[in-house]
Amino acid sequence: MPDKESVILLAHCPDKQGIVAAVSEFIFNNGGNIIDLDQHVDNDSKLFFMRVEWSLENFQIKNGDLQEKFKTEIADKFDMNWKIKFSDEKLRMAVFVSKIPHCLYDILARTQSSEWNVEIPLIVSNHPDLQHIAKAFGIDYYVFPNVKKDKLSIEAKQLELLENHNIDFVVLARYMQILTDSFVSNYPNKIINIHHSFLPAFAGAKPYHSAFERGVKIIGATSHYVTAELDAGPIIQQDIVRVSHNDSVDDLVRKGRDLEKIVLSRAVRAHLSMDVLVYNNKTVVFDN
Amino acid sequence: MPDKESVILLAHCPDKQGIVAAVSEFIFNNGGNIIDLDQHVDNDSKLFFMRVEWSLENFQIKNGDLQEKFKTEIADKFDMNWKIKFSDEKLRMAVFVSKIPHCLYDILARTQSSEWNVEIPLIVSNHPDLQHIAKAFGIDYYVFPNVKKDKLSIEAKQLELLENHNIDFVVLARYMQILTDSFVSNYPNKIINIHHSFLPAFAGAKPYHSAFERGVKIIGATSHYVTAELDAGPIIQQDIVRVSHNDSVDDLVRKGRDLEKIVLSRAVRAHLSMDVLVYNNKTVVFDN
Amino acid sequence: MPDKESVILLAHCPDKQGIVAAVSEFIFNNGGNIIDLDQHVDNDSKLFFMRVEWSLENFQIKNGDLQEKFKTEIADKFDMNWKIKFSDEKLRMAVFVSKIPHCLYDILARTQSSEWNVEIPLIVSNHPDLQHIAKAFGIDYYVFPNVKKDKLSIEAKQLELLENHNIDFVVLARYMQILTDSFVSNYPNKIINIHHSFLPAFAGAKPYHSAFERGVKIIGATSHYVTAELDAGPIIQQDIVRVSHNDSVDDLVRKGRDLEKIVLSRAVRAHLSMDVLVYNNKTVVFDN
Amino acid sequence: MPDKESVILLAHCPDKQGIVAAVSEFIFNNGGNIIDLDQHVDNDSKLFFMRVEWSLENFQIKNGDLQEKFKTEIADKFDMNWKIKFSDEKLRMAVFVSKIPHCLYDILARTQSSEWNVEIPLIVSNHPDLQHIAKAFGIDYYVFPNVKKDKLSIEAKQLELLENHNIDFVVLARYMQILTDSFVSNYPNKIINIHHSFLPAFAGAKPYHSAFERGVKIIGATSHYVTAELDAGPIIQQDIVRVSHNDSVDDLVRKGRDLEKIVLSRAVRAHLSMDVLVYNNKTVVFDN
């Protein structure tokens, strides 16, 4: 973690010669010093991916001008899809929950103890059960009870709420509802879900029951960006834990809880750190 | 590992009170000393599973009489499905391969160095490619080239070969052929396969390609008993290794090789040690 | 997890023939049904270890009489070191902390959400920093500032507090103080510590700095019972996470946090479940 | 893996602005296309590390001239410590063994099956026990029996042998002898050892016995470059496996075998792939 302020560039574009040279020259010629540079080429799609962080200490370009200068001098030349984030920006995150608390506790603890540099203006739920947790951590909690046939109007209200609070991204912390495509399309690659299986195995409902039925010796958890297709979005993080014939479905649920909260948190952290690029329904996760 | 000779009992039966008491009394009253006892109750199926190993040092029942006495005094009473194996018995294993050598090398190295107490009378293949390995380890190698429409007659010859060599169980060490149900039915829960994915994800052909396509962050390998349904038999062992966007399909294949040989070998060892009980298309693997 | 009430026996004694038979007969003859039985023989020390759980549904011996009957009929005969716990007993746990909150958050979340069946009457600290967390979870927080030369009198007050609250065991959740032998001797094998290294590597202060200096590729965390010798007590649980040259000391600290809370919680859970037996400065941890 | 020929540059130097820009310009201006670029800055030592692989397809500099041109135009300017390797070079490796075969089998299998692009001209041992394996794989096997007080003259003969065979690096595949400083100084960061513990825990003799005594719940293996100080050289790879109270020392030895061969092989592969840079008794291992 750098002491001085820094900026992170995340970019992808068609691969061609000279991209690294051009970007590093741009930074160097303007007085920046590269702290971290990671690049990746996908040979199938011939795409080039890059994450560069550089110090602003002696950087000559003002923060307000960087966007425009980089666009003109570099990005347009290479047809880049790109974004930058200054190290002192604080993203705003909404958390969606149902009745299961362990991921919520974990997220709130990390935020309250400044492990993460993020703002949580609100928690959304379809049940009042976890309201006391939100209260203990001093965060507003909005309940939208499930009403059949009324999903779209509920989501409309939720979207309005998110917009009013300038939410940058959404975390589904064991939110047991399926979002409509329309909702998802408002936050492309900005809704992170935790699925309690080692995807693509056991997508859909009750994965621990299915894992038990199949007699697997390892269970997993998967964090991914939400897309229109259920449990099929780009995977950000996965991890596993061993199980045995001794483990009942309840034991899988218990062992899975720790997995879920860790795997979800790693994804949130990667998102916050600008480590994740999405293409082709897959992710490049630069290990920053 | 006991110095003196010992015997292992593997049994399952409907759960009821007093099974452990009856078996341990039987052993105790006949002068045996329990070295290891493991039991498991499956609450769904109400089945009881047990693995007991006891020392024969002061055991009063002769090896030749044990089968009969245990049947009459214990097994029949509890309606047990059971088998016993004396520690000095050496099982006979056949290995089936195609063109990929790493699992074969690993199996032969373990056997030649006496890591395993097993006899390998023969290797069967549909290609001559690995013959030189068999030769270097001094084992007969039989080639049955794939002939369309002639699968059953080839399998008939293979079965005859296995029978002539008194083969106890078969290991498919990256054997890229699907066995017919008829073949499999000759060796129920006695054919061990290694599948190069974390089943049930990516069953069937080219799992590393599918894993790459899906963008998973972890790949796996699964050893299982072969049943009529492809890649759906009872799972014995699984393990995983991390991958990233940096890994091409070739990298997955490379990382997977080490997984495959370790996971297959753990299954073979568990089978040899009488650690595995099968029921309901699942396994109980007692960690001996 | 059994629906009906059950009881757990944890016992060890010199190994001899017939222990399993005697115990399982005792349970069976009194109408109990064994839910889970695990045993272990340590061949070096010739000690026998056992954990048995049985259902009280049709058990003929009253809870109040079990202690006495088991002692007379079984324990005394085999010279057993033993204890029993009924499934509805709730242990009382004290948590000691300093300034680092992640383990405390994790413990309180598990307790408040009933993941654990435990009572936390109080939190003890040498700093006021985490008082707000205790308050949010509604638990009393006692501050004993470090005063040089006054350690024993502070500990005396702490011990009095623990006694007044009928504390059964103590968890050091990143408590950065060393307890005196005298304090420890009051809670033998009842104080659980989390050390932020893979013991015995990097015992003592600043293990992440030492791990960074040595250039290890994996870091670990270790939960253990506290004994007179620093970081040398019986190990209950360990786990690890990969690191690389990319990771600074700060990164090790960050990655370690998740390890620490998981490894500490697994130890607390094992302790609560009567899964842990201590002998010879080592543990038998029955995987219940 | 690139189809066309490529070249890998491995370099480190004092960190300063513009290194990445200069190197990538050098490659770009001469018609090379970067396949993979990885860089790392060690903030403590202010050192810059880099691994770049580029395609030679349209590269204008002849292989024979690259060394000189890179030196003049780049390396000297940045005071670089560097080396290059063309993708078609085949390194020559000597393997040292004692009586334990599993690592040797694994190395020979990988080499014979072309998993590795390496030449093994000879195997050196202090015992004749593994001669039959060398023979089966068609490799010369030289026995130098241990003779007290004669270590230096034996090593002198071994060094002569290595020199005569143009050996590039040495792998100690469970070679149970300690090499003298003088021997080691001939192959700095070119002798790879596998130690059967999770270093720095349990350095020296009989680590599995020590691990058993301490009651650890995880054991490990460590591959490292050999230096003058025993088991204290720069760590290349580590991995672990879980153990429990059920595992005897023999079980640790058995479980450790698979770890040892995998962890040693990962180190050999990293060395062959020019992924490893050493500084300050630590390694940078670029995950190629």
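For this structure, a couple of remarks:
Per-chain numbering from 1; labels A, B, C and D assigned in written order.
By our rule, a residue touches a chain if its C-beta (ideal position, glycine included) is under 8 Å from a C-beta of that chain, and two chains touch if they have at least 3 such contacts.
What you are looking at is a predicted structure, and each value in this text was computed from that prediction instead of being measured.
Comparing chain pairs C-D and A-D by the number of C-beta pairs in contact, the larger count belongs to C-D. Each chain gets a centre from the mean of its Cα atoms; the one farthest from the centre of chain B is A. Centre-to-centre, using mean CA coordinates, chain A is 37 Å away from chain D.
Averaging Cα coordinates per chain places chain C and chain D 42 Å apart. In chain C, the residues that touch at least two other chains are 244, 246, 248, 287. Contact residues on chain A toward chain B in their complex (touch as defined above): 40, 42-43, 49, 198-202, 214-218, 220, 234-240, 244-246, 248, 280-285, 287.
Residue ranges of chain A in contact with chain D, taken from their complex: 17-18, 20-21, 24-25, 27-28, 32-39, 41, 242. Taken together, the chain C residues at the contact with chain A in this complex read 1, 101-102, 105-106, 109-110, 113, 115, 136-137, 244, 246, 248, 250, 254, 257-258, 262, 265, 287.
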